[in-house]
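Here's a structure for you.
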Amino acid sequence: MNKGTFRHGRLWTVFFSLVSLLWIYPLILVIVNSFKKKAYISTETFSLPNAESYAGLENYRRGIERTNLLVSFGWTIILTVGSVLLILLCTSMCAWWIVRVNNKFAKLIYVLFLFNMIVPFQMIMFPLSKITDMLGLNTPWGLWVIYLGFGAGLAVFIFTGAVKSLPMEVEESAMIDGASVPQTFFRIILPMMKPTVMSVAILETMWIWNDFLLPYLTLDIRKYKTISIAVQYLKGGYGAVDLGAMMGCLVLVIIPVVVFYVLCQRYIVEGITTGAVKG
Amino acid sequence: MIGKSIRKWWMLFSLPTLVAFMVGFAVPFILGIYLSFTNFTTITDAEWVGVGNYSGVFSDPEFIHSLILTVLFTVITTVIINVVGFMIAYMLTKKISGSTLFRSIFFMPNLIGGIILGYIWQLLLNGVLSFWNRSITFSAMYGFWGLVILTCWQQIGYMMIIYIAGLQALPGDVIEAAQVDGASQGQTLRRVILPLMMPSITVCTFLTITNGFKTFDQNLALTNGAPSNNSELITLNIYRTFYGTAGMEGVGQAKAVIFFVIVAIVAIAQNRLSAKKEVAL
Amino acid sequence: MHSGIVKSMTVMTTVAMLAVGLAGCGGGGSSASGSDKGRVYFLNHKSEVADQYHQLAKDFTKKTGIKVDIVTAATNTLDQTTQSELAKKDAPTILSIGMDNFPKFKKYLLPIQDTDVYKLLDKNGREYSMKDGSDSFTFPFAAEYYGIIYNKKIINEYGAKPYAVVKGVDEIKDYATLKKVVTSIQEHKDDLGLQGAVTTPSVDASDEHRFVSHMSRIPLYYEYRDSNTTFKPELKGTYLKNYKDLFDLEVASSPSSPKTASNKTYDDCVAEFSQGQVAFFPEGVWAYPLIRNNKVADEDMGMLPYWMGIPGEEKMGPASVYDASWAINKKTSKANQEASLKFIKWMVTSEEGKKTLSHKMSFSVPFSAFSDKYQPNNVLTLSARAYEKQGKPLVRSFNLPSTQWGDNLANALLEYTQGTKDWNNVEHSYIDGWQKDWKLVKQTTGALPTATKLH
């Protein structure tokens, strides 16, 4: 019996190894093609670069130059980090307030936040782009506010779930000991919610880092492009698509994501699980 | 007692989120509903036209086409992603060497943005189709199935993670008891594990359904609706109505409202249904 | 406790201000530039000259202190970008307008016939400035010509062969001969060391302009000629069969199979011609900068009229188009309009502007300040203009209803090429789409172009 399952396990390992290879094959294909001259990418997609088709780092150079990719990286980082920090701070406070106050008003706004979760972006796309522009929020830091507003639903929802599971006695005794309300929140509640904070941070980072349409429609395109916009511009902004530059850009965009994943894998998996269980 | 002292602090604790919520969601949402009954090019020049825009929506064959395609797309991806995601999760919770590595690999595509994924798969699919002298824009079927494959590739890993968490949280004694009672592996899976997994299944179906309806970036990058807007999903149709044609903003907003109503109904119905099931179990 | 409240009041005001006040910061930054001098925001659609525009903008700002922003959105995203940018507070002040998007954006455009820049346009320039009633709205900045570009060297080499049907390009005087030559070259392409006779008709998004913005205007011109008019809201499609004939010829004589044609991009098509792999390239003079400095020498390049077998076409030259135009946004501030006009005036009068537009960007600019010294060094332009000197008038380009019409036509052509739909579908998007889209234009803008007598 024992021996049998072991052999079975071997087979499954082989099976999953093959499937895994297949799974990352699209990424490998892009990397391979990024070293070919552009004329060979669409004609000999599956062959390795040879003496004639090898392009060296030329595609990377052209991709960076055409899209101003490094600057876009900077804007995307500012946009994502700022938005996520603001969301974490504001929604965790708001969630705690909602749960502990729990009057009619608090319940009402909680329902509104729930409602926010089922509204697709297209519904508010046009008015939102108009409002961000009128208020001058068309900058990466202006969009922090927009992401806080549009992304509040899920974050508040997850945080309220976490607050509900906290024992109220700790807070009560802290306040009796003379701690002010903000002190209680920042010194006691927030540290206790650390896993939830991580989980929300991961979910929101994944969303905002990769978001395309919201920044595309709201950012001032004269000054700011996120990486998704830059890549899309490579396709749309020039009459002809430079497949070489495209491959270079794709690889450059994927690398940091993979590095981030390898470094934070544990948190990402936990984040998604808590997010899903609570959601 | 705590509630009262905290309530006074509403300006610090709830106001910032509420203000942002107003700016980034509530006001545009209400404006969106209002604008769907008007003709406008910018918000300030809206003229009331009543339900005219809505009748315009249903006389647009491309919208209907994109709606049907979206429903099909959602159903197909939901089934594939959940079945495959569950199967992989089930196998990878068994003692298989390398299972941690496999999980990591399956999950990876989730972290990459939709636009980027679209171009990655465009390269691969065009490369494959070129053996038959075709390209992804050859027919809407290619674009559609290409999008299905892409979406499954992207989301299977995500759902797998949720299923794994669910499987690991299962009470081990119940399963052991079933096996001691002589249930086969298949029986245990069907009679014991699946019912216990209903909460995870609910969450995952909900996520895949909403993701399916909301798919935009991948569609834009992979085919942009080609050929002849035939591989266009509903979100892309709405976008094109707004920014591709002149004077159609009102109709675009009406389409957006209809789209919202559909998504809301699906979400609520799904929630009710699964809530009932869980209780029944 | 009291001081605690004060302290935390400060904290919460800060947080609230952070949320709301960012609006102020963001807005302040951009409106600060909107001082008395005004600012210029030019939405350019010619990506191939974007760098030169940026250089001009920099020099202009250095001279006048007026800030100039330039954003480039190529043809296939221009309308979307224009529309979303116009809805913004800091909207573009100079728009790129062509005949196909003029009806759509007319209501945003400033009438310019009374400005002093308008008076600088030459006769052709004023004639082609897009009008509605007595108002003019656009400054055409490039006279362009399109037809069938050829490689004289290849045709001469072919002419020396025993199987040649002509000796040289001078003997190609009508479509029937052209067709024979193309077919014969295609048949003997291996012997001639060619990939094909004509560049691949890819009809991919990057290449579709050749077929929907240019080639489609040839049957249009002759149908208008027959009715002696400059506009018809409904078409018969009399000469679409000729369009089909030329299109089929291109498909049959290109280096690619019909099914892979759409895999090629415009870059690939240009490369086929510029690398000397094909003899003919139906395209406009704007391709010259992309072709030169490759394997086709300047003296070997020339242009045939866009023949497709329509009666009377042999008396005409290639087609001309004054499509690319600048226009001023009516809804931006007075100061911005002034600044934008000033920028345009500087580009068409200063030494630097004139040199850049004519020599570096290779535009044939219809402003009177562009004397012979400031003409593009574009051999294709010269070749096209030579027909006029021989008494062969150029085919005029008329308004197309919308970009959407073009996109639909391109899709229909693509499906026709791939064999998934038949030719009827192309005619349907051409003729029925024409009627439908002009109706839509009338609905949304309230007017159609005014028809006058052509002759």
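In order of appearance the chains are A, B and C, and numbering begins at 1 in each one.
In the analysis below, a contact is a pair of C-beta atoms (placed from the backbone, for glycine too) under 8 Å apart; a residue touches a chain by one contact, two chains touch by 3 or more.
In this text, all values refer to a predicted model and were calculated from it rather than measured experimentally.
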| item | value |
| --- | --- |
| Chain pair with the greatest number of C-beta contact pairs | A-B |
| Chain separated most widely from chain B, comparing mean CA positions | C |
| Between chain B and chain A, distance of the C-alpha-averaged centres to the nearest whole Å | 16 |
| Intercentroid distance (Cα basis), chain C paired with chain B, Å | 39 |
| Residue numbers of chain C (touch at least two other chains) | 8, 11, 15, 18-19, 84, 87, 263 |
| Junction residues of chain A - those touching two or more other chains | 42, 90, 130, 135, 137, 145, 148, 181-182, 243 |
| Touching two or more other chains - residue numbers and ranges from chain B | 9, 12, 16, 20, 42, 126, 130, 242 |
| Residues of chain C touching chain B in the complex | 8, 11-12, 15-16, 18-20, 79-80, 83-84, 86-87, 103-105, 205, 257, 259-260, 262-263, 402-404, 408, 411-412, 414-415, 418, 420, 440-441, 443-445 |
| Complex interface listing, chain A residues touching chain B | 5, 9, 12-13, 16-17, 19-20, 23-27, 29-30, 33, 41-43, 45-46, 90-91, 93-94, 96-98, 100-103, 106, 109, 112-113, 116, 118-128, 130-131, 135, 137, 145-150, 152-153, 156, 168, 171-172, 175, 181-182, 185, 206, 209-213, 227-228, 231-232, 235, 243, 246-247, 250, 253-254, 257-258, 260-261, 265, 268-269, 272-273, 276-277, 279 |
| Chain A residues touching chain C - in the complex, by the definition given at the top | 38-39, 42, 86, 90, 129-130, 133-139, 141-142, 144-145, 148, 180-182, 217, 220-222, 236-243 |
| Parts of chain C lying in touch with chain A, wherever the complex brings them together | 1, 4, 8, 11, 15, 18-19, 22-31, 41, 47-48, 69, 71-77, 81, 84-85, 87-90, 206-207, 209, 263-268, 271 |
| Residue ranges of chain B touching chain C (in the complex, touch as defined) | 9, 11-12, 15-16, 19-20, 41-42, 126, 130, 132-135, 137-139, 224, 226-229, 242-247 |
